[in-house]
Amino acid sequence: MPLEISLSTLVQIVIWGLINGCIYVLLASGLNLIFGVMKVVNFAHGEFMILGGYVSYWVSIYAGLNPYFSIFVSIGVIGIVGVLTERVCFRRVLGTSKLNEIVLSLGLIYVLQNAMSVLWTDKERQISSPFEFITVHFEIININMRLDLLIVIGVTVLIMAGFYILIKRTKIGRAIRATSQNRSAAMLMGINVEYMDMFSFGLGTALAATAGTLLAILFPALYPQAGAMPALKAFTIIVLGGLGSTIGAIVGGLAYGLAESSAIAILGGTWRDAIAFAILILVLVIRPTGLFGEKEA
Amino acid sequence: MLEVDGVSASYGNVQILWNVSLNVKEGEIVTILGPNGAGKTTLVKTILGLLHPNSGSIKFFDKRIDKLPTYKIVDIGIVLVPEGREIFPKMTVYENLLLGAYTNAAEKNKDQSLETIFQIFPVLKERRKQLAQTLSGGEQQMLAIARGLMSKPKLLIMDEPSLGLAPMLVQKIFNSMREINEKGVTILLVEQNVHRALEIADRGYLLEAGKMVLSGDWNELLANEHVKKAYLGL
Amino acid sequence: MTRPLLLSVEKVTKSFGGLIAVKNVDFQVEQKEIVGLVGPNGAGKSTLLKIINRFYRQDTGTIMFEGKDISRLNSHQVCRMGISGTAQIAQAFPDMTAIENVSIGVLFGKPGRTSVNEAKKKAVEVLRFVEFSENKMETLAKNLNIAELRRVQLAKALATDPKLLLLDEVTTGLGHLEGERAIEIIRKIRLRGTTILMVEHIMKVIMGLCDKVIVLDHGEKIAEGTPKEVANNEAVIRSYLGESSDCSK
Amino acid sequence: MKTISNLRINLKVPRVYLPVLLLATCLPIPLFGFSSFFVFVLTVTFFNISYSSSWNLLAYSGQASFGHAAFLGIGGYTTAIFTIRTSIPWLGLLLGAMASAFAGILVGLTCVKLREWFLALVTLGFSIILVAFTRELDWLTGGVHGLAVPSLLPSVNHYYYGMLALTVFSIFIIYLILKSKTGLAFAAIRENELEAKATGIDVVKYKLLAFTISAFLAGLIGAFYAHFMAYINDQIYGLDYSFLPIIISVIGGIGTIEGPIIGSALLRFISEFLRIIEPWALKIDPVVILIYDKIEPLVMGVILVAVIILMPKGISPWLRKYLMPKR
């Protein structure tokens, strides 16, 4: 394998790493939020992401809305779908057994994936962006870049900043953090924790919807099965970054995006999926509770 | 103001409380005594709606509250400072206090409440930007009490505030309890520490093996042989 | 006068994230002795018991059992050596019958081979010994009440033929009558010659039962002696009833 | 008291005869001249039952693997490669099972200390890593093109009996284990791991044992399945094969012997029903053909979600609760 990497290849790796990282950051943050509050791992998180992509896709086609604005429609729709999913499915299973919670999300994967297939077939789609053919030239590193790439990074930064402010600075954000740190004490503060479950689940899936839209703008990768792997990787990211840690999910997502794009460049695409799990297994063998894991839930 | 009448409660199929009754009047300090495992914590959890009684009723200002969810009970003015402090470790002291004022009514008065609280516990003012987990045990207990006060409770229930604290700190906390009471807050105090509890309480109840076995004012209880027996088996 | 030493706890310390639960505790249990471990809530009694049966690992200090250092062994190993007990919060295998619960103890809790059928027979015997009600033998543990569950736990521990039986708050959560009966059963076990180390916060329970009492407060041993000596010990009374700072009120 | 014990005896009758009856129905089927497609479909059903049973045994010990396809695939690839290279028939089955059992020990070793969701993820990870290896080592595994696996038996009828025998064998072995001391240890670990430790059970040993036996069976079944399908590629490690036994066992009844049978039967019933109504569906709208194969997993997903919410222990315990007197 040629390991001679030119500067421009290196820049490419970093750029694509960051772009991938953005998707992972959005996914992992949502998953992490849901885990923090409910102590549930939603393995069907990727399906909500793809569903969000479809919502943006159809909105941008039928309403002719700029896809970057259709993100907001998607956030709203998927947020509501998430709230309903929590209310109808997860709440009834919460606390019965860990296995039931895991298998429930497995069932949701089947339901959502195949429902999307039935509705929209397995055709791979892409949301067409009005800036599709605009490229930006960077003189210093002598590289051409699709404008969309820059916008995607910008949108992610904005959304994450909004999310961060919501969690760290607002009353409901405080209530969410309180619930995730100590559920019974949160109840004693007068917080309606079941409402927090619903809200966090909706917020988490809404973040996934954003990821799905951005993904579908960047690649022709919008098809029902496309969410499964990214969600699993997002979960490995939060295991590595520390279950429940907001910063961990962001740093972990970016780091993983970079690691993946360099692994693809060096080892080839075959290893793309294997890398995440190899790292995960290695970490868990050394520390069975995760890198920054809580001792016992 | 609080009336617990014939309450029985269980965890799963394990019955913990058997026909327990007590009442608290406005402005009082009332204490529930009893050895470990007598069901004191279960009793306060039942009052707060964390556990729903199998039978009996709980009234607050003549309104039934035993079927309400916890957040509604907090909303109408009953606040519990739970056993073992139960603070939010990864938030600052200030954020912990703000969470105390989560209910809408309390939020309006939060600046004023903060001022009062910093008066009673000046150390919390110094540490307000620190993460709560970095406080010492005694400071955490003060934070827990202060957080309870932030929600402007009509009735403040404290579950073993002296647990695991050095005698000096216990003294401090009991002193602040008196101060809080003088500011018009009714207090229901759950304690193992018989002497101290009876020193500041107007009246007391003795809970033993899930049943209310005695009630009376402090010197009555203190003189009672049964209290000694329950604790020491003399 | 002195009986052979069975268990020796030497300078054991254990802390949980800065909070010291057990601090430099020393004590011995001689064979056929009943030793009570008492102290107010949060004194570190249960922690100490869990260190002995290896649920927790001590930070420093050693634990010797029959002259062997067990400070590095696992729970299942010390169980097979003859240390077995019940937990404060009665736990069991909820989806198994009372007999199955106890037969686990027979099958795995001691060295040697037993068939499943033999084990079940033995389990019934032990359940009868702890006066478990005959018609609940086939009831799933999750459907038992606390008193019944305690008996199953006790039977499970006894089924391993322990040399040292650890009991954690056997009367907690029981009614008065049930508590008395539990104490009767412990007396019965003592008659079989089993050494017992029991944690209890109610002195009354300890009084008529124990040969020796060790009192813990804030993780430290504050007294040791016969139940009478301990009950009249100034420090002990203080730790239980709390000191009165001023009697002015 | 007496009436209850009488009732129990009466109800024990179907428990003994039901398996015999089931087997007696299955045995003569190929002799009746059903289409070979029907026999093929039933053989796949037996595969579902035995494969899910092997997963269920592991779940019985409290360890829910989400990458059981790894063991299936290791068994399949081992026998495929061995039989192609040496032309020795049958031995590959045993080698496949043993290779899989060995992998089971390795996976088990990494998993003994993990909490539920980590365990799910790590087991899944192993199967995904295997996909990468299979593609990379194409000189051995045929890469993405897969391998044609030499046939062991002359006809689909023979495979039918082979798979039936394998299914009966697996279930019988699992039955024996569950009735034994080992079975009690598995159940104890699942119910309460700490308590199991305190009662003298060597938790690590028994967890590994569960992994090994389960992987052995899955490897054996996977090996036979590879010969039956006459072809193997990296899809054998896919999520579909990993999730199949979970869906079947959870719907049927996790940790029960009959759960996988009930779950597989339900799955087969749904897919046959869908196949029968397909012509009508196509008449209404021919476009349906594009997505028709998605309806079956969709229905299974809906059933799975409904079962977990409404009867969290699965169909079998739910049935038992209504048919049998309470203990």
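Think of it as A, B, C and D in the order they're written, each chain with its own count starting at 1.
Rule of thumb we're sticking to: a residue touches a chain if its C-beta (ideal position, glycine included) is under 8 Å from a C-beta of that chain, and two chains touch if they have at least 3 such contacts.
Nothing here was measured: the structure is a model prediction, and the numbers come from that model.
Colleague: Out of C-D and A-B, which chain pair has the most contact pairs?
Modeller: Comparing C-D with A-B, the pair joined by more C-beta contacts is C-D.
Colleague: Would you mind pulling out the distance in Å between where the CA atoms of chain A average out and where those of chain B do?
Modeller: It comes to 43 Å between the two C-alpha centres.
Colleague: When the C-alpha atoms of chain A and chain C are each averaged to a single point, how far apart are the two points in Å?
Modeller: 49
Colleague: Counting only Cα atoms for the centres, state how far chain B is from chain D in Å.
Modeller: The separation of the two C-alpha centroids amounts to 54 Å.
Colleague: Can you name every chain pair that touches?
Modeller: Touch list across chains, by label: A-B, A-D, B-C, C-D.
Colleague: Contact residues on chain A for chain D in the complex?
Modeller: Going through chain A, the ones touching chain D are 41, 43, 89, 92-93, 96-100, 102-104, 106-115, 117-118, 121, 228, 232, 235-236, 239, 270-271, 273-274, 276-278, 280-281, 284-285, 288-290, 297.
Colleague: Give the list of chain D residues in touch with chain A in this complex.
Modeller: 59, 64, 66, 110, 113-118, 120-122, 124-126, 128-129, 131-133, 135-136, 239, 243, 246-247, 250, 254, 290-291, 294-295, 297-298, 300-302, 304-305, 308-309, 312
Colleague: Once bound in the complex, which stretches of chain D touch chain C?
Modeller: 1, 179-181, 184-185, 187-188, 191-192, 194-203, 327
Colleague: Tell me, which parts of chain C touch chain D in their complex?
Modeller: For this pair, the touching residues of chain C are 53, 55, 74-76, 79-80, 84-85, 87, 91-97, 100, 103-105, 107-110, 115-116, 119, 135, 138-140, 156, 160.
Colleague: Please output the residues of chain B touching chain C within their complex, sorted ascending.
Modeller: It is residues 13-16, 18, 35-37, 137, 160, 162-164, 167, 171, 192-197, 199-200, 209-210, 218, 228-229, 231-234 of chain B that touch chain C.
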